[in-house]
Amino acid sequence: MSKSTLTVGLIGYQFMGKAHSNAYRQVNRYFDVPYQIRMKTICGQSQEGVSRACDTFGWEQYETDWRRVVDDPEIDIIDVSTPGDSHKEIACAAADAGKMVWCEKPIGNTLSEAQAIRDAVKKSGRPSVVFHTYRFAPAVALAKKWIDEGRLGRVYHFRAVYLQDWITDPAFPLVWRLQKSKCGSGSLGDIGSHIIDLGRYLVGEITSVVGQMETFVTERPVLESTSGGLGSATSGSAMGQVDVDDATAFIARFRNGALGTFEASRFAMGRKNHNKIEINAEHGSLVFNVERMNELEYFENAAPSEAQGFRTVQVTDGVHPFTGHYWPAGHIIGYEHTFINLIVEALRALEGNRDPSPNIEDGLQNQRVMDAVERSSNSKQWVNL
Amino acid sequence: MSKSTLTVGLIGYQFMGKAHSNAYRQVNRYFDVPYQIRMKTICGQSQEGVSRACDTFGWEQYETDWRRVVDDPEIDIIDVSTPGDSHKEIACAAADAGKMVWCEKPIGNTLSEAQAIRDAVKKSGRPSVVFHTYRFAPAVALAKKWIDEGRLGRVYHFRAVYLQDWITDPAFPLVWRLQKSKCGSGSLGDIGSHIIDLGRYLVGEITSVVGQMETFVTERPVLESTSGGLGSATSGSAMGQVDVDDATAFIARFRNGALGTFEASRFAMGRKNHNKIEINAEHGSLVFNVERMNELEYFENAAPSEAQGFRTVQVTDGVHPFTGHYWPAGHIIGYEHTFINLIVEALRALEGNRDPSPNIEDGLQNQRVMDAVERSSNSKQWVNL
Amino acid sequence: MSKSTLTVGLIGYQFMGKAHSNAYRQVNRYFDVPYQIRMKTICGQSQEGVSRACDTFGWEQYETDWRRVVDDPEIDIIDVSTPGDSHKEIACAAADAGKMVWCEKPIGNTLSEAQAIRDAVKKSGRPSVVFHTYRFAPAVALAKKWIDEGRLGRVYHFRAVYLQDWITDPAFPLVWRLQKSKCGSGSLGDIGSHIIDLGRYLVGEITSVVGQMETFVTERPVLESTSGGLGSATSGSAMGQVDVDDATAFIARFRNGALGTFEASRFAMGRKNHNKIEINAEHGSLVFNVERMNELEYFENAAPSEAQGFRTVQVTDGVHPFTGHYWPAGHIIGYEHTFINLIVEALRALEGNRDPSPNIEDGLQNQRVMDAVERSSNSKQWVNL
Amino acid sequence: MSKSTLTVGLIGYQFMGKAHSNAYRQVNRYFDVPYQIRMKTICGQSQEGVSRACDTFGWEQYETDWRRVVDDPEIDIIDVSTPGDSHKEIACAAADAGKMVWCEKPIGNTLSEAQAIRDAVKKSGRPSVVFHTYRFAPAVALAKKWIDEGRLGRVYHFRAVYLQDWITDPAFPLVWRLQKSKCGSGSLGDIGSHIIDLGRYLVGEITSVVGQMETFVTERPVLESTSGGLGSATSGSAMGQVDVDDATAFIARFRNGALGTFEASRFAMGRKNHNKIEINAEHGSLVFNVERMNELEYFENAAPSEAQGFRTVQVTDGVHPFTGHYWPAGHIIGYEHTFINLIVEALRALEGNRDPSPNIEDGLQNQRVMDAVERSSNSKQWVNL
């Protein structure tokens, strides 16, 4: 194996830690990429938790102090997959140590944190990655290709919802994702940031927004322990204030004249991971839904009028982006494969001396949009970016 | 109003009587057809029932003796919409009297009855109609057009199910549609005949069949009265034997080499009127479902491979068959419009001195297929037609 | 026929005139309503057009001067189905003459016109109707029933789009629906008003809005003649300014705390009549789309967790609102039936001495919302109602 | 890591070799199963091919002579993933050597081969596995659970199609899957066997069948080399006879009285991996389609009649079979996970001293059904099992 090796240190071992670990483990199994990934160190605060994760996910060793990972001269990539409140400190330290920063989204809990991370990365001169993985669903990659080829023409509408329902029960406890100090915002940062990224990726920059953030359940039971996980409240728990948004809706104008509508909510009963976008353009329309992520709906205006209709393209054929590397047509892939695909693209970019895309600049721009939405919700006015 | 008038006498006033009445009433409201329909007489056995139907459906007068309708010199068309056991007598008398016979399907309860009707009609030399109305769903008419144009190429598969669930409850009584003496057969004649017709219409003649007829619930409560309607059994009702099929499945070979599968059942829980067909052919595929009758699913093999997929054509645009006469694109029509469309085609045929299609010959050929299926189910062997 | 008769004079004979005529003609054929409708007079400016409509749609006589219809003492109901710029004059005259005013939506081209009509109707003391017919799709009526019964609980989200694509071609001419003087607004009034009505009907009053109106194609070919119809531009036509919105998006807050998003567009390629709403509430969710108007998607939170999912209720069974009067389960109805159903409800209200619903007050409230959206789009701020 | 280790030798490295390798590699990453899988040896005829597979898929070593793998005393499991014509020799040798036989389906190319394998396995007394992996789609596992719990009641109908389109082009060459000597049969064994297994799993044993096998394209270009892979024909290739079925349809009766229809085809244009089944039973219906394998459609007759409808259960929640081990609700899994899940079940069975299910007996019974279908197609009569 004469390939160059890239050695990874992963900070965080929960949901994202698991997904990233899988991607690092699998990427060389499916793709002939220019680098061999070495999964050296996984890091987390709980020794019991991280040691188990180390075994299960297939890392060489674990660590409980992220600084030791950042200081490890063998490590090329620091993957920041912790909750948002520690991103800035870890990412900046990693950048200062000359590591590549591969960071979960949103990159910071506030715009100023995101700015600090971007500045540190820029100063380091190293390539970076931000994990907006939905770009790498083959169907989204196909949509992007078609838009870039001009198949769609001028875009009039971008319409996006990201709907979940996991906190609709008022007895659901005040986990870290519901505490502004830990996560920065609620549905906006957690899921809204994904549809903002899809909008930027597929349509272009957003120039102004007006939005409304809502908190439907304002008090929730406090968790005994905040040691990670979703936890559960004991009956008779004290109640604490929810200080993040349960749902956020906003209207946006894009630089190219398109009109955008965005809605992120964790109060959409029955919607589990309903990240659905629609683009209406001059020559056709596209619809994508993460829950059926192997499909792209496409309306082509050039078809003979009696034969027009939205078609469901199964984006699983060898001719589609990423798909030939897994299974034959019609044999679907899942959520985890978007992470593998992202890493494929990142590795190809590194070999080509291109900065991977999306990178820390995308992370920052994403945060600027979220910040503008939040200011708009407070001021009750449109905010320019 | 200088148009020629065609005067109708309708025998039967239940479900089909209502649907036919609506079609006669509406056809001149939407289409500029060559004849003005005059709804003169509706006929039924129950004076109370038929007099109410006369008022409600908009007929000039009612009658309780069908022979008087057949004898009326003003009447051009005898529409036979009674249960199957009276078709032969009425239709033959009408034909002998020189009337046009417009007959509900299946035209007879047995092949010999169907043959007798066909012979009488042929002898009369008058045009005829059989009400296989699903041909006239705009989506089916579009499918036929595309097949005739060669857009699909050689057909490999015809796959059809007609599924309902209205008799799944074992306590549902022994209505006329469950008595062989009244209706000839069960699911086969009532709904199976529709998918046989769609197969013949879209793919061509069937040359051999092998089939299986099943009766899942063999005894049911006897109705007190058999005076029409679905009725209801009183508790403690006597039980009677079900002598028709609850479900029938058969495999068929078409003259053009296509392989057909057909299934008709009234025991498909949750399926209300699930008349769904799929055609797989050399250049593409088509799917149609009566429950979404304004849509035709179409797969076109000629599309670029990365953009292929089943598209849902909303067959509601002015460019589609029949559709420009009702409402703008996207404003759907319903079940009853298939009857109107059939009459439009029949009237146009009459003006052009063509025999309407489908006509009594189609009714007979349909019955031959059903007869072969029944014989196959008994003999446990393939039967040639 | 001992029923009371209600005599109608219909002003307008284009798309809405056709749909209303059908409803008046059919209502007594399917429903045992307390009144017999008499279709006396249809009125339009073009003698050629209205005389043909009179014959085709089944009216007793036609008229070219609406004042003569308003003055006819036999007429009980003046149905106002003209373009918006004549509503105020006709409706007020009809009300002043003591007629019932049954008016198409939006009732006026401006809030002040709507106010004037409401005041005249109120002064007349007569019952009124506004044709927000989508309330009468059986699936919507079922949704309303369930919400009123408490089956859904507190509503969190109302999400509505009404998407069409008939003016996406920049060569499409400057028809009356694109001229503010004729129609008041573009997508907002024509289709946005429908989803506003569904929001008010199902969720309740809107208290504040922020919106954005967009015109993507600002100049279009002028039509030679403005004599109604969609017309077509001759090549070399002069260009005229489009002064109405091609698309409008707005966010709304409802009195009960729900968050609403609304989007109306005629630039959504491939969407023909995509009037789709979603409600997310405490105990479940509902989705309805006019293009599949016989279906209601329903998520019920009370189902066992392993068996939860959005179900597609075919709202065609006899147990559902309005449906038992047409065809058996699974035999769908279409667009035109919503008008019939509205008239059924109106006639039942009249018999019960209730004001029909929706009535002129709903028309006015609808207009207040549209007016607020327009002001918000101009001021770039939220507007309270 | 104190877990027992099970050491695998995998014979075959193409499509199934890749899928099995992934499953062995991933199973311990997601599930806390009682055994640790050791991926020792992968075996194939082409040294170049298998050495690359060894590296890519993560095996310790490769081998080109399967007998050396069977003879390796360290190896516990011989996984037979070669084309059907070598199954018997390898599987019997492995069984004779006392190894566990884990075998791809169909286990033999003929009934007598399958019988021989079963006998050898039985004689060995070792547990066995047959890779009918679709049982382990979470949605299918859920369906099985519900049926076993009695939630569905008596089953009336099982309706299955497995449709693909990869050989519709007559220029597609005569690959091994189209040569009876290599693969035993065409669509019947390759894909039909899957739906037979789903029928047996969910409904029970089949007692009689009548079927029709069709070959639409009877001659195809011969491949230059038969060294595996799909290959491509050079122009001017000699033509060879296709001696397997392009499509097979059959009707079946189940022991419990249910009526089954089965259709497997590689000539269904636009269908890529359309393995779709429907069950209609006393208390409800189920629909499953591999192309949307994270979803189970369910109709529940016990729901209030006005709220009945087919619901789409996203089988991705922690409460569903297998699903809690991967990702949160709504984050879908793919084709490859069915193999992981099968191995989980097998390992749990081994620990519990139960024979895994499905095992070699299922493989044999599956083959009996296929054999009966083939005899029926030849004799044109029903065949009893």
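Order of writing sets the labels: A, B, C and D. Residues in every chain begin at 1.
Just so it is clear, contacts are C-beta pairs under 8 Å (C-beta built on N, C-alpha and C of every residue); 3 or more make two chains touch, one makes a residue touch a chain.
Small disclaimer: the values here were computed from a predicted structure and weren't measured.
Peer 1: Where the centre means the average of the CA atoms, what chain is farthest from chain C?
Peer 2: The most remote chain is D.
Peer 1: Comparing the two chain pairs, does B-C have more C-beta contacts than B-D, or is it the other way round?
Peer 2: So, comparing the two chain pairs, more contacts are at B-D.
Peer 1: Just how far, in Å, is the C-alpha centre of chain B from the one of chain A?
Peer 2: 54
Peer 1: Once you find the CA centre of chain B and the CA centre of chain D, what distance in Å lies between them?
Peer 2: 41
Peer 1: Any idea how many Å lie between the Cα centroids of chain B and chain C?
Peer 2: 35
Peer 1: Counting only residues that touch at least two other chains, what does the list for chain B look like?
Peer 2: Within chain B, the residues that touch at least two other chains are 271, 308-310, 314, 317.
Peer 1: Going by the contact rule at the top, pick out the chain B residues touching chain D in the complex.
Peer 2: Within the complex, chain B contacts chain D at residues 156-157, 159, 161, 163, 165, 168, 210-212, 214, 216, 246-247, 249-251, 253, 257, 259, 261, 263, 265, 267-271, 278, 280-285, 299, 301, 308-310, 380-382.
Peer 1: Give the list of chain D residues in touch with chain C in this complex.
Peer 2: Listed in rising order, the residues are 142, 146, 295-296, 298, 300, 303, 305-314, 317, 319-320.
Peer 1: Which bits of chain C are touching chain B when the two form their complex?
Peer 2: 1, 15, 19, 22, 25, 28-29, 55-58, 164, 166, 271-274, 290-294, 314, 316-317, 326-337
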